[in-house]
Amino acid sequence: MSKAVQTAVLGVTGYSGAELARLLVRHPHLAGKSPVFVGRVEPSGIALGEIHPQLIDSRGTGSLRVQPFSWEILADREVEFLFLATPHELSREIAPEARKRGIRVIDLSGAWRLEATENRAVYGFEDEGSVAALQAQAEAVYGMPELHRSEIHGAGLVANPGCYATSVILALKPLIAAGLVDLNHGIVCDSKSGVSGAGKAPTAKTHFMNAADNLSAYGVFTHRHTGELLEQLGVESESITFTPHLLPIPRGILSTIYVRFGKRQTNASIEACYREFFKTSPMVRFTGTRLPQIQDSVRTCYADIGFNLAKDGHRAVIVSCLDNLLKGAAGQAVQNLNVMNGWGESEGLE
Amino acid sequence: MSKAVQTAVLGVTGYSGAELARLLVRHPHLAGKSPVFVGRVEPSGIALGEIHPQLIDSRGTGSLRVQPFSWEILADREVEFLFLATPHELSREIAPEARKRGIRVIDLSGAWRLEATENRAVYGFEDEGSVAALQAQAEAVYGMPELHRSEIHGAGLVANPGCYATSVILALKPLIAAGLVDLNHGIVCDSKSGVSGAGKAPTAKTHFMNAADNLSAYGVFTHRHTGELLEQLGVESESITFTPHLLPIPRGILSTIYVRFGKRQTNASIEACYREFFKTSPMVRFTGTRLPQIQDSVRTCYADIGFNLAKDGHRAVIVSCLDNLLKGAAGQAVQNLNVMNGWGESEGLE
Amino acid sequence: MSKAVQTAVLGVTGYSGAELARLLVRHPHLAGKSPVFVGRVEPSGIALGEIHPQLIDSRGTGSLRVQPFSWEILADREVEFLFLATPHELSREIAPEARKRGIRVIDLSGAWRLEATENRAVYGFEDEGSVAALQAQAEAVYGMPELHRSEIHGAGLVANPGCYATSVILALKPLIAAGLVDLNHGIVCDSKSGVSGAGKAPTAKTHFMNAADNLSAYGVFTHRHTGELLEQLGVESESITFTPHLLPIPRGILSTIYVRFGKRQTNASIEACYREFFKTSPMVRFTGTRLPQIQDSVRTCYADIGFNLAKDGHRAVIVSCLDNLLKGAAGQAVQNLNVMNGWGESEGLE
Amino acid sequence: MSKAVQTAVLGVTGYSGAELARLLVRHPHLAGKSPVFVGRVEPSGIALGEIHPQLIDSRGTGSLRVQPFSWEILADREVEFLFLATPHELSREIAPEARKRGIRVIDLSGAWRLEATENRAVYGFEDEGSVAALQAQAEAVYGMPELHRSEIHGAGLVANPGCYATSVILALKPLIAAGLVDLNHGIVCDSKSGVSGAGKAPTAKTHFMNAADNLSAYGVFTHRHTGELLEQLGVESESITFTPHLLPIPRGILSTIYVRFGKRQTNASIEACYREFFKTSPMVRFTGTRLPQIQDSVRTCYADIGFNLAKDGHRAVIVSCLDNLLKGAAGQAVQNLNVMNGWGESEGLE
């Protein structure tokens, strides 16, 4: 087994941060090297177990301290890999400085995912055009190993994809890359996410009374993940309509995706396309014509993808499921860590 | 106030039957005429309150008896309107005989909704082609007052629409009737329903462990309500894709519908189209560009419809919500009763 | 039918306020007299339907305006009955002034429920000992018609009971009043409430991620409703232990209550005790040895009470269910309005 | 690391069986020895992943076959430890035969938990008094390591405790063993369990419509786990009242337990009692006066126990949480396997 590397997590109090902590402390390649947990606003020295009681175990995970963030701590502990589970704006500030210090960064925010300035506009970053931002942006790699494995391997700054974007891009990329999809007809992505996707801050939207026994669409034609779809799938804005919905469940995303094929397809031709594309991708479970459901992928680091084809052979419904906190966030981040280190891609993710 | 009519309900043990009972015993036009509750399989003489404890009230609703079904009881009680909340096959048997006896029927099953034989094939009725079935089919009216108010008024047999079909047809009919929708581009209807839509029988699908914290698509390209969409909207099978999903909530349907317009539209033009279409329809609440959510319509007899238009003016997302047991079943059935009697269409539904 | 009275509601934006609005606009004795909705902090002139979309109906309920509170509005509209669905402190301020102006008050807060100063200490009212507070306290009647019907009839200030307190007191009072319960042994009240009981403010506790798929006890030995139990049941603090829990459901309370009898009892003796006590109480549904469950009482204004007796004849488990927003708040408030006016106690509550 | 042992699971299709499979395939001491999965009624040779899609992983767990049960298979594979996740009656039949063949058995059913014939009567076993049953009963050890660690170490037949019983016994045993509890006053155990406790068979009770948005008490004074409380705690039937409830969540148990102390206690005296009792028990997380909640223990193999003491020093409320499928079933079974083999008690359980 290769030498353990030293990791750090900034922003462990949120839902993705907790999952990162859980994965890292049990990662077989990190045995013996406790991750460094640092925070900006947390009470100094609070224990992980006070924030996340479910992380308390007999190995002492609950006793690990969250320390106030400083570059000195990272230097003292010789941190090589820094996970940012932070607000976008904070990632814009921290990542460039980390790169200067030679630390490799895996950023879970939306700060560095988008290449085109017009797509980033939705975030309204104040540092657009600064040298630091331009440099970081230039070296950022979109952290979806199924699409960009080799670039991720050597990357200094990996932009971990959005949860919705992961579920849609993995389902569509194989078909679009193979030239099967008739883009003139327009693609519809109807996505539904559990409440953890809305974050830990108590709001009217996340109040139990509003979320439970309910379903609502939001961000229609305006959701921030749309830019990731356009860039990664290489389609025009008018060719794809993406609608997120808030599901009354804690976690999990299901995307129902509607495409039309230029030429008549068969179950076999679609299956072959997916199997070929994912043949070296351990974190995608292709289910063929059996459609996945949210339960199967929740609390796993897998994305599940299945499809049904209409009798006419021209229309397909693709269903894509994942856990928004794992394959949609922390799981994919650790998958990227594996790729960056040349470890088995599924190490510590099962 | 007009003279009360005598009603009967066959099949009061299911979820729609319970809602029918609740609406009928409180209907202002039925005051003084207790509905007759009859059953095929229920223990003889069981009280409503034993089946549905939540119906027990200080007026004695819980003490009303469910009697074994017989034509004699209906005759003795001079039943004029018979609601069938029964399996499809039973409705095929009961409705023609009721018509012979001069009873007007409101059927909540799928027995009489479809005109085209090929669309009905999905039900596999054994009596297809029989004289009784042909006669009943010939006089059956699709019971959506917003589309067929005047035919329902005089109808002897009203086929109450499917719950999914109601949510989709009400959302699309105004736009299609006005010629706005580009049918060549294809319409996508992504619908989500609470578990009551799957019926009262305990199955693996309705087990709490499978339904809770989950979401699943089913019946892709094959759901029985598709025929209603085709017939009522007048579109070809290849022009519309309908995918139902099972939501982890007790009741409510939300349909997210994707259309493309032939000509560029504005919010104002779309609003005008809907307002004109529904101007005399009290049971539709058009919400404009504020999208409805399931909570707003659950436990009401309304359908809520809103929309968002893309900046390009060519794509719209329409969101349609209703309670599958009310506007999607019992509420619409009572609305039909109101129309058949010339009463205010919303009487007893608020 | 008696002349309609003019009512007003202060605090219609909360959950109980919405239920009050729903009940009052449909109350048969209030037909023709729209309730006056007033608020302290709501945007001036906001429509009910904007706050509570589910209240929009074809009668125009959704268009009713919430006006800024002032004594002039109440005077202009000749308000005779004022419902306070307000924070405790605000009720302490408003109720005495309303009484001076001759308005009868039904207060849904905890401001006036407790007679003993030491029991009220838990609220920390700043006006304790002021003349206005003393006067209001002196005339306040605990608004549980099943216990205090005749005092409520003539009362100027009715203190609507707490939701937990209602569920526990109704279950215990008949047995304690009959002298059956061995108080030396101690009574245990294990109560569970849906999330609406925690109020509309978004907090960590009401966040979907914390409330869903969870159960937690809180306020052990310290909950504010304990004083109501002591005063209304006439027991010592050490004789009763009350533990509330937060259930992952929107509404409903179930209390499981454990008592020991001094003398051996039978099912028949217990049933007789309850039936006698509640013989003139239409809003209690006594279910005998069939235990009620939350679903049966939710969205009704009833309290459901059942029991099981141990073979030894000395121990009983009593289960009491109600909807915390209805029999536990708005429903009981309207029941009090009925009693205050000499109307049928269940009018408008079914 | 010690030599891996060969395990087998009979009854992998249920909820506990799935958790057993998940734990065993990842157990560090079983690396390299795939558990043998055998079934009685499953289609021959069905893959684990077809029954439990969430178990499919890149190690091939989903491809493991469930083979028809036979003693030959167990012999061929040299099975040393047999887990029975089977109905009570089947365990009564299988366990004695397994013992004859020298296989050590960990039985998750209720077949062998109770020593006293009168306590077992509730199960109605037909083989009571047979030689095989008497022999098996005689060697059966109640499989709660916190109470019977040393007997379990050498046991041939371990009776894994009931889920409710585990949550109650762990909470009460330290206090009762120390002589603190006044048994004359009576103990109340108010327990609430998620729906997985009701099993995988679709029934009216487990139907989503009945379980969701609901809470109900059941089995009052009659639940089968009561006998375990009596035997393990050494109290008389009249001294303890146990009421289970069905919670609208998939998994997790919370027991709220009410005791009275003979002598006045302090937080410190109670804490000392618990800490002493559990000082060598890694699978109990004692939380002191911070009460645990269900979420913290779900999907862990821990039992969480906390308490609050009344000001009078005589009454305490103890809250005990665990995952009914893990510490309440599969987790405790693997904990027993660890103890039987002299491995670290928490191996494979974190």
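Quick notes
As written, the chain order gives the labels A, B, C and D, with residue 1 at the start of each chain.
The rule is simple: a contact is a pair of C-beta atoms (placed from the backbone, for glycine too) under 8 Å apart; a residue touches a chain by one contact, two chains touch by 3 or more.
The shown structure was predicted, so the numbers you read here are calculated from the model rather than taken from an experiment.
The greatest centre-to-centre gap from subunit D, using C-alpha centroids, is found for B. Two chain pairs, B-D and C-D, are weighed by contacting C-beta pairs, with C-D ahead. With centres set at the average Cα position, the gap from subunit A to subunit D is 37 Å.
Inter-chain spacing, taken between the CA centroids of subunit C and subunit D, is 41 Å. Put simply, the C-alpha centre of subunit B and that of subunit D have 47 angstrom between them.
The residues of subunit C that reach two or more other chains are 212-213, 248-250, 295, 298, listed in rising order. The touching residues of subunit A, counted against subunit D in their complex, run 26, 53-54, 56-59, 213, 282-283, 285, 287, 292, 295-300, 302, 346, 350.
Within the complex formed with subunit C, the subunit D residues making contact are 185-186, 188, 190, 192, 210, 212-218, 220-221, 238, 241, 243, 245, 247-250, 252, 254, 256, 258, 260, 291, 293-295, 298, 308-312, 314-315, 317, 319.
The touching residues of subunit D, counted against subunit B in their complex, run 15, 195-196, 200, 202-204, 206-209, 211-213, 248-250.
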